[in-house]
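Next up, some structures in structure tokens.
Below, chain A partners chain B and then partners chain C, in two separate complexes.
What follows is the complex of A and B.
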């Protein structure tokens, strides 16, 4: 079985989208979660760029994980203070998504080296796709609560990714 | 009895991949052989059990009495790095297989681990948290193996080219999730 290479979605973006499924029940949830992920990702990468040359190479991943966990804790406290209704809805999935997506974008990226360019491209793509899924599930779920249940997230995302791939590949060849 | 109930619930009816939407990417990004998938699942299960026991002890005996339970993610990340590093290197020494296929990053990025740990430290007994962790790991292994078999058959069919790869896997996973939601009926 050969893994099919996708042209518009690189590996780190796809993995990040698949992790962010939990936060796609409505547009408000999707937007606030993806903006929080972006803030964590960019601040962590900026700090890592300062420490990159001074630390031993094998310990860089540990530094990155601890920094991400630190930022995740701060963001979770901010969520509890200002957005309590999202905390009521998602609960412990907020730290899970905030901790996993920066790690994924670092480890699965082709460029490596804790670059800010990679963080920016991943976070912009993440915001766009997660908000698209949030809008679709939010609108369809108003009349039909089956869309808000977990299995529908897979099917909506699968069809959306296929449509995006189809449109983009057609434009590229013409 | 509670142990078995939690184990079966976390494996089938309350499966982490299908009903909690976590760890989806490592499950759908299947490799070309079945052995590495099983190996990764076993490693995730072992690491998850050790991490959840350590985290439960630290959380209930150190963090909660000192009233600093917001530090749990930082403690978790330190324990995660240590345990995964040890598990991978021990398995490479003991297993004696050609191991290009399993790396530390592959297990660290699995979002099931953090979710299962955060849910299992809220259980009221340490054996319950062990059962929850083992169930989460077994459920993940089960879904990756099942999805590998589904994809093996789907590869021979004629699919529209836009759907090839990740989209058709996601749709197959969604249909599998509808099938697995029937397991919620076996629970009392």
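What follows is the complex of A and C.
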């Protein structure tokens, strides 16, 4: 395993991606969901900066949860108002994904990493991978509805990871 | 364990602030959200209700605010209007029964479908069975229907369900609401 690869596909990002699988049935859904996740992540981490060095460490996760829940609520309202198509398709999974992606990636990542950099790297990785899976499932799903079933997301991700690992390992040896 | 009262208070304060802010956002977006249609329209099997038609188009009509009519759809075969699908709500014994009624241009009920109901299991919920809904087939839509006890071939009578009179009457009431609307607002307006 190259160190470069480990940096991109760290556990927290992978955990976040698995949570977001529900939103990968097509590119449009994937793109809007991952952008929403990015907004939630970044704004939450921005506000977390206010508390990071002041509040007791044991309480930081509580603040993080409150802020994430707050941002999730706001984003869900925005979705309902301006993106009714996606609300029709995903329904309650929108707030579930929006809430659990930041929380799970936070729990899996290094302790107390509430920095903007962390939010940005997680979001960019999340957008890229989720959109890739979205494109693949969107194209293949037209001819084969089995690709649109939930388990297919894991298979597509597995293949994608294998390909990317291959590419990065090759680069290293070159 | 030592409790940090200061930060607990700040956390509670943050929750309050967030709640208020969410409320404010909801207040501003409420109107936009209300305009969106969130797939609450139940799927209707049009081939069952109006076999001649192949597509449905929502008709933009003025429905009185206090009316039980939920929506009116025109059923088309190509460009030709074949009939209407009228959705009504009717109060059953325990629940609101939502019914789709298909009425042809000729003023005949070509079928009804119970879209949702929550009546007594084993008794009232038989209104959703084909055995009951098929009794409305080929009945007239020119006059209100009446519920009768025995099997009937009269065009304006429908045989009820024993043990589920209130639920069956509610369905007939719902159908009659649609019939009344059809006669006052739709007929002749083809």
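Everything below uses one rule, namely that the second predicted complex is superposed on the first by the 163 of 174 C-alpha atoms of A that agree within 3 Å, B and C clash if a C-alpha of one lies under 4 Å from a C-alpha of the other, contacts with A are read in each partner's own complex, and residues count from 1 in each chain.
Note that a residue touches a chain if its C-beta (ideal position, glycine included) is under 8 Å from a C-beta of that chain, and two chains touch if they have at least 3 such contacts.
Here the structure is a predicted model, which means the values were calculated and not measured.
Of the two partner chains placed around the shared chain by superposition, chain C is the only one that A:55 touches, whereas chain B remains out of contact. Of the two partner chains placed by superposition, only chain C is touched by A:78; chain B is not. Once chain A of one complex is fitted onto chain A of the other, the partner contacts of A:151 are limited to chain B, with no touch recorded for chain C. In the superposed model, A:159 makes contact with chain B only, not with chain C.
In the superposition on chain A, A:70 makes contact with both chain B and chain C. Within the superposed three-chain model, A:88 lies in touch with chain C and out of touch with chain B [touch as defined at top]. Under the contact criterion defined above, the residues of chain A that touch both chain B in one complex and chain C in the other are 62, 66, 69-70, 73, 77.
Chain B meets chain A in the complex at residues 18-22, 24-25, 28-32, 70-71, 73-74, 76-78, 80-81, 104-106, 108-109, 111, 114-115, 118-119, 148, 151-152, 155, 160-171, 173-175, 177-178, 181.
Looking at the complex, you find that chain A touches chain B at residues 1-6, 9, 14-15, 18-19, 21-22, 61-62, 65-66, 68-70, 72-73, 76-77, 92-93, 95-97, 99-100, 103-104, 107-108, 150-155, 157-159, 161-163, 165-166, 169. Partner chain A is touched in their complex by these residues of chain C: 4, 7-8, 10-11, 14-15, 18, 21-22, 25-26, 29, 32-33, 36-39.
In the complex of the two chains, the chain A residues touching chain C come out as 55-56, 59, 62-63, 66-67, 69-70, 73-74, 77-78, 80-82, 84, 87-88.
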